[in-house]
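Chain IDs A, B, C and D follow the sequence of writing; residue 1 opens each chain.
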Amino acid sequence: MDDNAIRELLDRVLAPWVRSLGLTAVSADEESATMRLPFSGELRHSGGVICGQVFMAAADTAMIVAIAAALGGFKPMTTVSLNISFMRAVRKGDVTITARVLRMGRNLVFGEVELFDEDGRMAVHATTTYALLE
Amino acid sequence: MDDNAIRELLDRVLAPWVRSLGLTAVSADEESATMRLPFSGELRHSGGVICGQVFMAAADTAMIVAIAAALGGFKPMTTVSLNISFMRAVRKGDVTITARVLRMGRNLVFGEVELFDEDGRMAVHATTTYALLE
Amino acid sequence: MDDNAIRELLDRVLAPWVRSLGLTAVSADEESATMRLPFSGELRHSGGVICGQVFMAAADTAMIVAIAAALGGFKPMTTVSLNISFMRAVRKGDVTITARVLRMGRNLVFGEVELFDEDGRMAVHATTTYALLE
Amino acid sequence: MDDNAIRELLDRVLAPWVRSLGLTAVSADEESATMRLPFSGELRHSGGVICGQVFMAAADTAMIVAIAAALGGFKPMTTVSLNISFMRAVRKGDVTITARVLRMGRNLVFGEVELFDEDGRMAVHATTTYALLE
């Protein structure tokens, strides 16, 4: 999927509230998708760091793109579960999100998402399970 | 904590992007906090159901209120991990969120969050771990 | 399911290594199953507390019983994921395990497991997802 | 840590029930530890595949070795949480387990564990959080 296809996918699929994060595609192929979360003060809680809710939304969204890219196009799916660990606070800078399909089953898709701060350090890690709907 | 105290807490602590969900307090005491997520079309993805990202943000936020209520006031904390299972799609109606502290340790707080649709059926379940910061 | 039916199920289904834990049934109905893990020094690591591996095995096993009871008999299934939090160390005494089906879907079953020490305090909490196989 | 050091660690630390799995060290350095789980019929449930309880115990054990190796020696620690996904059944053959420290914090250690079947395919994936005890 090229940038245009991903942007079109996100515009069509995402809830407006999630779309307002402004996530953009960096690249996507059969194995993984990389997205960028542009920094904004709107994303920080009172502690001055990007809040966990933003990272969860970004991880889930990047995984949907990765699965669509692996399938050669978006198909209806639903998130079954998402487990996320917050390892390092991010005060500023864009965040790079890499989502990877670990196992594409017939019904279930398992994935892993890594989020990196602007210095390339892993800040957040997530694993996900999706169900493909007929 | 009464409604005013919770509203003041959310206004002060939450990132603007999360605050825009419009979560409101129903009740909070030492053991649990109950919040309401008002329905909005902005929260639905193209499949016509409230998206997972909204539930994750609501669960995390409700847990922060529950911990603050259990501690007798907000203290700096950070989410260590959040595990969420999406059991039932929600097409419409307000969502009720109940967050409960399972174990208040010296450094770590374990919690559980249940989200119910307007018919009272559990739609989403989450478990969380927070670290209290000095 | 009565005690005999559960014992027969565990004898038939469990791997010998898991069976050696000696888990016994307390009760099981359509909504939940309660099991007992008899204390043994073999279950403690060098820190003198029951090791996490034991609790994970007990949680998974109790959930299988709960699902079988909810279905009115054992059907082939596979664990999709298990998330477990260790909240309190257990030095001694039997452990009581309660497994509950949160949502019985057509293909996926979501559950929750609570493990209590001999004083009735929750020591471990787990959530699980299983896939029913045709 | 060399093989002897790891074997000595496992003999000293593990509960006898876990030790009976016969996990052996392949290698361990500051970044990761690789272990081998020797196949045995005792590990299979009635469906003829290695049961999830075995993989959970192996993942947790490998992570303890990885953390000890990263710290330059074993220090008292406790598992805070473990999330595991079962992606592919394993009917036979040794299993290779690779545990990696993602983030060594002052109090908390985050890690990731991958388990591969004898054909090198990832069968199970886990993420873990440990607390270091003084």
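We adopt the following convention: contacts are C-beta pairs under 8 Å (C-beta built on N, C-alpha and C of every residue); 3 or more make two chains touch, one makes a residue touch a chain.
Note that the coordinates shown come from a computational prediction; the quantities given were computed from them, not determined experimentally.
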From the centre of chain B, which other chain's Cα mean sits the farthest off?
D
At the place where copies chain B and chain C touch, is the share of residue numbers found on both sides over half (same) or under half (different)?
same
In terms of C-beta pairs in contact, which of A-D and C-D ranks higher?
C-D
Chain-centre distance (mean CA atoms) for chain A and chain C, in whole Å, is 33
Once you find the CA centre of chain A and the CA centre of chain D, what distance in Å lies between them?
28
In whole angstrom, how far does the Cα centroid of chain C sit from the Cα centroid of chain D?
21
Which parts of chain C, given as residue numbers and ranges, touch two or more other chains?
80-81, 83, 85, 129
Counting only contacts in the complex, chain C reaches chain D at residues 12-18, 20-21, 40-47, 50-54, 56-57, 60-61, 76, 78-86, 89
Applying the document's contact rule, which stretches of chain A touch chain C when the two form their complex?
80-81, 83, 107-108, 129, 131
So in the complex, the part of chain D that touches chain A is made up of which residues?
83, 85, 87-88, 102-103, 105, 110, 112, 122, 125, 127, 129
